[in-house]
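One structure coming up, written as structure tokens, with questions to follow.
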Amino acid sequence: MTEALLQVEELVKYFPIRRGVLQRTVGHVKAVDGISFAVNQGETLGVVGESGCGKSTMGRSVLRLIEPTKGKVTFNGKNVLSLNKPEMRAMRREMQIVFQDPYASLNPRYTIGQTLLEPMKIHNLHSPGERMQKVHSLLERVGLASEYARRFPHEFSGGQRQRVGIARALAVNPKLVILDEPVAALDVSVQSQVLNLLEDLQDEFHLTYVFIAHDLSVVRHISDRVMVLYLGRMAEVADSEELFTNPLHPYTKALLSAIPVPDPDAKRERIILQGDLPSPANPPSGCPFHTRCPVAVDKCRQEVPAWREVKSSHHVACHLV
Amino acid sequence: MADVLEVRDLTIEFLIEERYYRAVQGVSFDIGEGETLGLVGESGCGKSVTSLAVMRLLPTHTKVSGQVKFRGQDLLKVGEPQMRQIRGNEISMIFQEPMTSLNPVHRIGTQISESLILHRNVSAAKARAQSIDLLKLVGIPRAEQIVDEYPHQLSGGMRQRVMIAMAMACQPSVLIADEPTTALDVTIQAQILDLMRHLTAENHMSTLLITHDLGVVAEMCDRVAVMYAGQIVEQGPVREIFRHPSHPYTVGLMNCIPKIAGERKRLVPIEGNVPSLQNMGVGCRFAPRCPKAMDVCHEEPEEYSVGTEHTCRCWLHAEAGVTSR
Amino acid sequence: MSLSELDIKPSQPFAPTPMVAKKQQLKSLREFPMLYLGGFIVLVLIVVAIFAPVLAPHNPDAVFQNGLNANGTPIAPNWEFPLGTDSNGRDILSRVIFGSRVSLTVGVVSTLINLFIGVVVGLVSGYFGKWVDTVLMRAVDTILAFPFLLFAMALVAVLGPSLWNVLFAIGILGWGTMARVVRGQVLSLKEFDYVQAERALGASHGRIMFRIILPNVIGPVIVLATLNVGMNMLTEAGLSFLGIGIQPPQASWGNMIQQGMNTYAFAPWTLWFPGLALVIAVLGFNMMGDGLRDLLDPHNATR
Amino acid sequence: MYAYLIRRISGAVVVLLGISIITFLLVYAVPADPARMIVGPKAPAAVVAAVRAQLGLNLPLPVQYIHYMDRLFHGDLGTSYIYSLPVAKMILQRIGPTAWLALWCWVAELVIGIPLGIYTARHARHKRDYIVSAVALVGISLPVFWLGLVLLYWFGFEIPILPLGGSGGIQYVILPAITYGITGAAYYTRLLKSSMLEVMGQDYVRTARAKGASERRVTWRHVVRNALLPVVTFGGIDIGYLLTGVVLIEATFNWNGLGMLAYTAIQNDDVPVIMGTVMLIAVGVVLFTLLVDIIYAAIDPRIRYE
């Protein structure tokens, strides 16, 4: 196994809650509360969880789009969080992001060409003469006609815009791409096109992906390994096949059983969790999942479960496993 | 099984920049007593518009033609006061966005009571008591307190329960649910779907469930109608559709969704994009994206029978003969 | 001045409708009659102001021997003095024509000052947030809490009444609304993923603020600025009406109305015409601003 | 909610401090020397110097500011150079008439503006809407002093049914109130219209219709109720604006109020009076904004239960 391209250790992001007269900090939204993982070169790590689990915050903290509260992010041997501004700017060539909303992620005043030239201008890549050629080849690579460079985002469908968003991320030849719900806003027929494109690009450019999504089927499809988050903490990490066939954490089990399956004859045991997701501003004591867990015992309310490797490369945080 | 709702040849045209565009064309379906019909399709296929047309909630300047028969009475022909007696009373509706579908300045109880006061002519006190019962019915804890709270104090899942309580208030015979779980998390979706399944079964309600999720259809529906670009392209009992999808679009849809179990395969996408309202083209609307397109597809196909109660709008099945509808 | 703020809701960024898409629609006079009518009035106003010496039949400051009746009252409109004369026996038409120069100069230049301060403060405040935002917004609250007209009066009184001081006073005091609107727009824009994408690419703050955010707030800013011109024209006229703005004999519509106040009982035209000129000019800018807003409103595009 | 209110109040205090500093500095912006103004132009330099010392004008600026604030808290706004009267007393006499006038001006705005706003919103994109909107635009473009004079000409002079200006009871209020109402109502009309149109597009309005509520019920119970929230905010801003603009109304109708007091003071370089009135009006604006925040908190449950 090669050395990890991205190594995240004990990443924490608390958003202060300010109240009262002087806007004193009275508490924290614990969006990300101690997440550690490593992604190897060429691998896809899927990150799943429901709203409020911190998956998006985590993605943006790794890139320092949000400044993390604590933790260590090592990329290609460099400590990302200790880089100064110019170093960080240079580092951004290596790590890119694709956003969820294809309507909000492109500047409406820029043509597609301008949007794609922007990364090259910022990092002073290629000679100005070559840049346009690069734009055309990027467009063609993501399945768009090169004459689209002169058009504006509003002339395109969601799927096409998402292709442009992907092209923008690739314009700087990154090693790592964080995909933040890249297909969630797309229709199913278009979603599959984009998923296939992402797979092809990964093979061609040896990309490493962190794929953030709430849709488990999509994550299963694209990921080599999957990490399940709940309220800013890790619940379970395992190889994709292992996680989906042999989930250990009660939350993972419930999550898997809750997905409606497109087969009217599928006979499944369904675990319906009671109650709502607790607020990350006031997470439960002990195991964060104990309030909804069907098998919780006293210990779960008091003690935070340790993060353990129960099988080879299958980690879980649960007292009962 | 008597049909509670019969929709015939429903056509809806929107006014955009001084021209009318057809958002829905020739849509026909029936929903029997206690039956759940799933209307599936991608965004812009006209499924939500269809449901709003049944409720007559489309904006003015929209042309609606065809028939929407509720227990034999054509809703497109009744007067507005009469229609108001039907809305929320005989036919009620829940929407996709629980966060914005409740009025932020009125208490939960007031909003549920509104239907009761409008249709059952009950006193405010009685309406409040019934609202509490309804909140309990949809599984809301602390109903006595929640009834006096405001929407922003509740989570999305709770708000959707309130919406369901509101829809159930007058024990309607038809429930229209427009993407009721799309905005919710998976585990909350499971709760809401479970609740809806129980309530409709217990009250013997007919349901029109609009969704883009084939998984939800498979779990909830008795029959399915697949919509593409304003038309129903395939319709039939849920098992038939999943076992023997006939329309290339339905087949395409089933192949392009990643599976949660079984072997991982490369997805087979449907190429191209959903046509926009302004350029629908002629003939079969799916033809430009269809892997099996033929010359004849330049002409408009009709709905052909491909099995028991199973119809398909595709030239591939033309030899089976036009359905009686 | 905070009134016009409500014309623009900061919660709704105008961003998603690019100007380019609109260019093809500019043809439709029927769809935006306000814009065209207002634009026409503004154009006429500019032409009148520039060519005032050519267009005016008389010297605006000349006191005519035959400009007063025998009993010393102003002369009613006639062929020689189309809009009559004032209490000094000067030609009202010529004075109205020359008055346009004052109104237009003060209206436009003071708005440019408002615009400059307001955009910079709003942009910096919204983009950097935190304590920068708190400090700047308290300053904006303070300036908006001040009785604008009284303060402008005091300032002009201190500096001495002249065209440039009036213009300066209005310009330096009236930027609060602009700053708030720009800040609101920036706050919502900066959460847009395309701004985040720019950060992810490693763009500098300056590049993001001026090349990405600024062009996207320009729409509402133009609308507000247009409406602001009309407002500032009204303020100038108000100051001149109170005798604190433009000083006679220089003609300003405001000081002409003040003069008319003393003569309207027997010579009402001395009141009508400068007032009408002012109303039409302000209306022109307001119509143009309204029209521009409709043009840039995303709701209109998707309708 | 208390935290929200305390935050608002503390914000207001900061603004008030800012206001006091700026008004304080105003003295130094005015070229007139206070000591010279008091003793008169002919007094010898030694007397002027003595008065300067007596007034504390030789002290460093921050110290003077502290003294100024101290006097302010004791209700001492200084003495008018011209009338040699306490400014506080002069202002106190004028507050009543100005408040009376401002109240009616505001009522006129609401009475004209709000019904028209509801009307245009309900008939949006119809001919009736266009006509009202056009009239509203003209209203906004009217200079208040000119309209006032025009109305005076017609209803005080040509058809003499109302007094030709001056301050006093209700008959004196009618014309100024109508004048202000016409020029200001349009803002309420436009705001309420756009706010109502926005609310009409909200999902919860569709929910109300789906419940079988009539158009009238939808409008009043669901739309107007929500659409009025921004109008309340504007009402507060507008009262501030009214207090500022009152000088023009007072000058036009020869109404003996605060505005006229400030106006004459500015013409006479009577700095303590200018400071006093500007200060008072600014405080009034801040207090009304605060009042609106409180009202807003009371009517919007999203803030009430924060």
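Letters are used for the chains, namely A, B, C and D, taken in the order the chains are written, and counting of residues starts over at 1 for each.
The criterion applied here is as follows: a contact is a pair of C-beta atoms (placed from the backbone, for glycine too) under 8 Å apart; a residue touches a chain by one contact, two chains touch by 3 or more.
Note that the coordinates shown come from a computational prediction; the quantities given were computed from them, not determined experimentally.
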item	value
Touching both chain A and chain D (chains)	B, C
Pair exhibiting more inter-chain C-beta contacts, A-B or B-D	A-B
Distance between the centres, which are taken as Cα means, of chain D and chain B, whole angstrom	53
Chain centre separation in whole Å, for chain B relative to chain A (CA means)	32
Whole-Å gap between the CA centroids of chain A and chain C	49
For chain B, residues contacting two or more additional chains	none
Shared-contact residues (touching 2 or more other chains) in chain D	none
Chain C residues within the chain A interface of the complex	15-21, 192-194, 196-204, 207, 212, 215-216
Complex interface listing, chain C residues touching chain D	2-3, 6-7, 9, 34, 138-139, 141-142, 144-151, 153-155, 157-158, 230, 234, 237-238, 241-244, 254, 257, 260-261, 264-265, 268, 271-272, 275, 278-279, 282-283, 286-287, 290
In the complex with chain D, residue positions of chain B that touch it	55, 57, 81, 84-89, 92-93, 95, 97, 100-107, 114-115, 118-119, 150, 152-153, 163, 166
Residue ranges of chain B in contact with chain A within the complex	42-43, 155, 157-158, 185-191, 193-194, 212-219, 238-239, 242, 252-254, 256-261, 264, 266-271, 273-274
Residues of chain A defined as touching chain B within the complex	50-51, 157, 159-160, 187-193, 195-196, 199, 214, 216-218, 220-222, 244-245, 254-266, 270, 272-274, 276-277, 292
